[in-house]
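What follows is a set of structures to go through.
Two complexes are shown next, each including chain A; its partner changes from chain B in the first to chain C in the second.
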Partner chain A sequence: MARIPAAYLVNRLITLVLTVLIASTLIWIIPRLSPVDPADIMLGRMSAAGGTVADSEAILATLQERFGLNDPLWAQYLLYLRNVLLFDFGLSTASFPTPVSVLIANALPWTIGLMLISVVITFIIGNVLGALMVWDHSPKLVRVAIPAAMVFTSIPPILSGLLLIWLFAATLQWFPIAGSYGLLVEPGWSWEFVGSVIHHGFLPALSIVVVTFGFWALGMRGLMITVQGEDYTKLAEAKGLRPRYILYRYMIRNAILPQITAFALKVGLLIAGQVLVERIFAYNGMGKLLYDAILNQDFPVIQGVSYVIILMTALSVFLVDLIYPFVDPRIRHGRA
Partner chain B sequence: MTVLEIKNLSIDFPIAKGVVHAVSDFTLNVPQGRRIGFIGESGSGKTTTALAAMRMLAAPGRIAEGEIHLMSLGQTNIIKLTDDEMRRVRLRKISYIPQGAMNSLNPVMRVENQIWDGIIAHEGAVSMAELRRRSKAVLESVGLADHVGRLYPHELSGGMKQRVCIAIGVCLQPDLIIADEPTSALDVITQRHVMQTLRKVQETIGAGLILIGHDMGLMAQSVDDLAVMKLGELVEFGPVRQVLEAPKHPYTRQLISSVPVVGGQSFLDNPPAAAVADTTPARTVPLLEFEGVAKTYGSNTALHTLSFKLDDGVPKIISIVGQSGSGKSTMGSLMLGFSAPSNGRVLFQGRDINRLSAAERMAFRKDVQAVFQDPYACFNPFYRVDHALAYPFKRFGLARSPAHTREEMEKACRTVGLNPALVLRRYPHQLSGGQRQRLIVARALMLSPKLLIADEPVSMVDASLRATILKNIYDLKDKQGISILYITHDLATAYHVSDYVMVLYRGHVVEAGPPKAVIGDPQHDYTRLLIDSIPWPDLDRNWGSADDARADLDRLDPVAANPIFRGAVAGFELATA
Partner chain C sequence: MADQALQDTTKPDGPALTRAEIRRRRRYENPWFNPKLFWGAGILLGIVFVGLVGRVLWDPDLVFTGAGVLRLPPLGFENLRGQAGVLNHPLGTDGAGRDMLALLIIGAPNSLYVGVLASLIGMSLGIVLGFSAGFIGGRTDDVIRVLSDVMITIPPLLILVVFQAAFGDVNLTMMALLIAAFVWQSPTRLIRAQVLSMREAGYVQMARLSGASTGHIMFREMLPNLVPYLFGSFIANVTTAIVTAVGLEVLGLGPQRIPTLGRTIYEAINSGALIQNLWWWWGLPTALLALMFIGLLLINLGLDEVSNPRLRRL
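After this line comes the complex of A and B, so read on.
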């Protein structure tokens, strides 16, 4: 395998850094355009809890001081950039005084585990089915069954989730109704815990797979039809190659290329994209964290989660850029 | 000995409105070692017949009747073989060399892998050393070095790709090779090289060859027997000399007469009268001017420094000829302002076209129109063709009313010889390539431009239609007074239509002057090579061997520094740096 040219690598790295920098600047600016003062909100919450708050003016001033809201904007921005580099997003205003980084650190592994596994499974199932829909030698049953299965794609995820809970958790009681792991299980690297995590994660993962595989299948179907009409596929047939070999090496191999790019863009979004699924299954991931933060106008958490989403998207695009020259030889000689 | 016998073959395409009989009652034998040409226009059934022998008909085509016997398989009727038995016949017994040289190789596989997978599919496990030895040998037989095997398709030129396809086609020494317009996308010099290579390897392995094409000249230089097809029927068959010298069917005569020949009878009804002396005093501002223009891409020079002035007195057709990579299309894109020169200026009516104001740019776009090579890609498939004609007309503010637009559209269609009732209100896919290309000319005509850039306007249409379209273009100059820059690799047509010819080679002008001198009596080696490479329908002419074709190219390098100027025409001045 050829090496990646240095110029190409440098170019992609600059793109990565610039993307993250610009996007994190945007998520810093947007909340500041909002008329809501987070210190006000905290105070409001305190007074709602305790009736009246003595010295509310003084507390407000202290809070504003503590959040750095009195500093000039540029100082706030520079401080923010420094903090972003250190993954320090300050303290949550809703679950004060827990640091945002702790909240994210607690939620992220669950989301990455659940979403990454389900999105990889979806990607594989969707693309294989999409390819089989086009392939001339697919079994008849497959070609009839797949379009029928596509019906699931039109179901909103919230409904499919409820349906699965009703069927497999409430009625059949094969899987637990909610949570990320059993209440009686001690978290740690034990078989019992891992088993419990898989047991709890199965339904949320299934609900994601069921509603999203159609996206990949339909995209793949379109790409496969294009590749099927290409001269090189016809020549492959004229060469008397085995149909299965043509499917793998000539058709899927070429049709999958744009799907890989789409996959990279999806990964970042999925970190936060399945808010409703996490809500329904009371799954303690990033989606639930973001959902709660928005409800409570918890700006530091919103900022932190948004930053993680950006970082994930940019990193997965960067990774695909690094992988691409190996899967598509034409890239290597293109403009770096 | 016969290798393939086609008996009473009929092929049907069932469609919604009934059945199209693509081929009817076709009977033909292919003897061992003999080359047979299938000639006819698109839609004549020549490719369909050949694909039937591969059992690779496009859906929904089916063989309605007849038998195809492969002699080396004990006269088996291949229509009766199972799919897997047929798969084993392909490449091993009958191989296929496809038309689209540019796109026939899998872009993500190395060339040698695409030779090996064919061998493995038919012979099972073969040792790595044996595979290497065989791919090297087969690449050598088509004149490619061993290292080409380790390249990816995008690293090869069009001619190299097509030679790789030939290498794949002969690697298992089949009984029959079917080559479907193997050179239609290549320029004449590469065409000669590829065609001679194909002949050489076919003779070496002693296979029969079916060559599909629509170019009578190429057939005359390449095949032994000629089968002329029209509307799915075999209208004439015989030795190529007999068919060419004493054609029996009127359609065959029409095909032969449609080939433009240098120095021969002009295909224009009104051959250009002796050039009218340019009596108008030379204007101070030329219509189009290149002022020391050069174009480089990175470290490659696509066009070396060149200056010319085209006056807007008497309209003229200036031809720019050369093979692919000669810089002729670069010149076209510079003239249209699609790319900016690296040095110098391109002036239209005295203004630098790369520094125009928005209003001047609008006027420039109206005054300078283009006709491109691919009539299929020039229309948006989602709109009726009317859109392509009417939209620019309205956009440039020429339309007075919908009725006026309609009237002008119909007038333009009639000018290019199309019946408006048959072509307007249609979608592009409902029209033939020839109709589409004439509509593109009509579209340009509606805008009453001052200059037309025609970049290979006829290289993708059937030979019999080329003359008609070129005549349309010629009439633009003759009757509408539009000057034309005709970019082409086809010297025979340039000879007939142009007032002045420039021959480009690797970005240099090598020879320029009136066509009677430059093409009729070439002085530069490269011009001579271009003209020698044209396949004429002349059986006694020596088209050279594959080695000649290669040696000719090698001999040309490096380029002679000094261009040869062969006389001038009034109103056009050319200079090189």
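After this line comes the complex of A and C, so read on.
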């Protein structure tokens, strides 16, 4: 196994840090370019909401202090960067004294759970089907049916989600139409709760899987065609190895590597797509949080959610980059 | 090259080729004639055509609120209140009485417009940056490479959400410009990689030795070789841009006063159209968008065959 060379690690780390820095800077700068300063609106709303909250004066004063709203812009910016690193996005204006970080902490596990499950399923199904499309010994049905199914892969998950809700939740009523667990179920490690979560998560996950597996299948198909023409595959065939053994040991294992890199490029779109799926399924994740915040013009929450999702994306890309040398022993970064 | 290929197939070499075989051979020799590209382009042109001709044949003013009875079903169907579809609104009306047919006629070209404009701008930026990075190298290359690495991981949707939440209403062109800021990275990376590999190619060396200017080498010698890749990247970016625009619209952002397919879906979901079985309200824009994406995918698959001959099947 290859060790990760320091230069490569540093390179990826710089990209990671820059990504987070640029994203958080954009999130900070954009509202300040707008004609109305959201900070004013934010404080105005808070003091309005504050009428019903005890100690609101004190909270607002500490808030102004914490965000340095009376300091020059550059000081505000530096303070903002520090706060962002500490996941301190201030207080939600819609549900006033609740910190944004608490709202996000409640929503994040749902989003990550849904994403991991749908991504893993998609990646496996997509790559297996893509490989079977090229393999000479695949059943005829596979080679005809998959290309037909691929047509749906260009559709964003939100559209497939709408169709699935209508069909399975509204019309057939096999699955619940909204939420991430039943209203009557007590959250906890009980079978009832787990079952309810799976029941609620099935359609959102399915709507992502249905439209994304084709991307992997397509990529895999192209790679498999290349591998199929390689000498080592021909030799393996000539040696009379079993076709299934060749498929796995000689073809898939060689073809799958670039797919992992493609994954890094796709993460951003996947996460953004999932945010929308969560919104239409009213799934308790980041998507719903973001949508509610947009409805209520809850600016701190919008900022916080956007930042955390971008951070998630950047971290996943970073992880994929780090894993890559371990998967592909041919890669020796920067070493001949 | 294509001409030569055509001559080859008509030459009487060996047993006479059947007509079908000639057609297949021709398709192999001239990859631009492949059915995927044909169907994809056909679907998109069809949508554009309906959008253009529809404005003439159908009254575009029907997209406004109160153009008809609320929630009428399409012709031949009945809604829950027992109202049947009428000829004045063949595809039904939405919750505010807007004519669905007019909405589709006006909305679909709007989506395509955003996608194509954003992608064109992104592509132009990508061509300039990619060539600069590949050709000039050094510090310029480092900066462009790192910047595109960084920007490719930032999902455009979220930055645009922040933008819209702060600025409020935008028009279509503004939205396209904003999206364009996020679709230059993939053409940049693609062109940079290709330029790096082409830089040492024989014909580029020849051009350089014969004293051709850098501009000439970039645009006359190298760019034509990149055309299929650029087309592919362009179409992929159109898809990304439309997906992002629709995403914004479904979140209730995007243009507020212009009818768009995404906004229609947003209103349908919010009015409970899914539960009340008002399928035409959300279903028609969804289907049209799906068709648009399928068209774009087919074009992209067709272009893949152009740039990667191994995918062609004789």
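Definition applied: the second predicted complex is superposed on the first by the 255 of 336 C-alpha atoms of A that agree within 3 Å, B and C clash if a C-alpha of one lies under 4 Å from a C-alpha of the other, contacts with A are read in each partner's own complex, and residues count from 1 in each chain.
Here is the rule we go by: a residue touches a chain if its C-beta (ideal position, glycine included) is under 8 Å from a C-beta of that chain, and two chains touch if they have at least 3 such contacts.
Just so you know, these numbers come straight off a predicted model, no measurement behind them.
Using the contact criterion defined above for the overlaid structures, shared-chain residue A:Q303 touches chain C, although it does not reach chain B. With both structures placed on the common chain, the touch criterion links A:K234 to chain B but leaves chain C unconnected. Of the two partner chains placed by superposition, only chain C is touched by A:A314; chain B is not. In the superposed pair of complexes, A:N254 makes contact with chain B only, with no contact to chain C. Greater residue coverage of chain A by touch, when chain B is weighed against chain C, goes to C.
Of the two partner chains placed around the shared chain by superposition, neither chain B nor chain C is touched by A:K140.
Remark: chain C residues 146, 149-159, 161-163, 165-167, 186, 239-240, 243-244, 246-247, 250-253, 265, 269, 274-275, 277, 279, 282-283, 286, 289-290, 293-294, 296-298, 300-301, 304, 308, 310-311 touch chain A in the complex. Taken together, the chain B residues at the contact with chain A in this complex read 54, 56, 87-92, 95-96, 98-100, 103-109, 117-118, 121-122, 152, 154-155, 165, 168. Listing the residues of chain A that touch chain C in their complex gives 14-15, 18-19, 22-23, 26-27, 30-31, 33-36, 38, 150-156, 158-159, 162-163, 165-166, 169-171, 177, 218, 222, 225-226, 229, 264-265, 267-269, 271-273, 275-276, 279-280, 290-291, 294-295, 297, 299, 302-303, 305-306, 309-310, 313-314, 317. Within the complex, the chain A residues that touch chain B are 230-232, 234-243, 245, 249-250, 253-254, 257, 327-330, 333.
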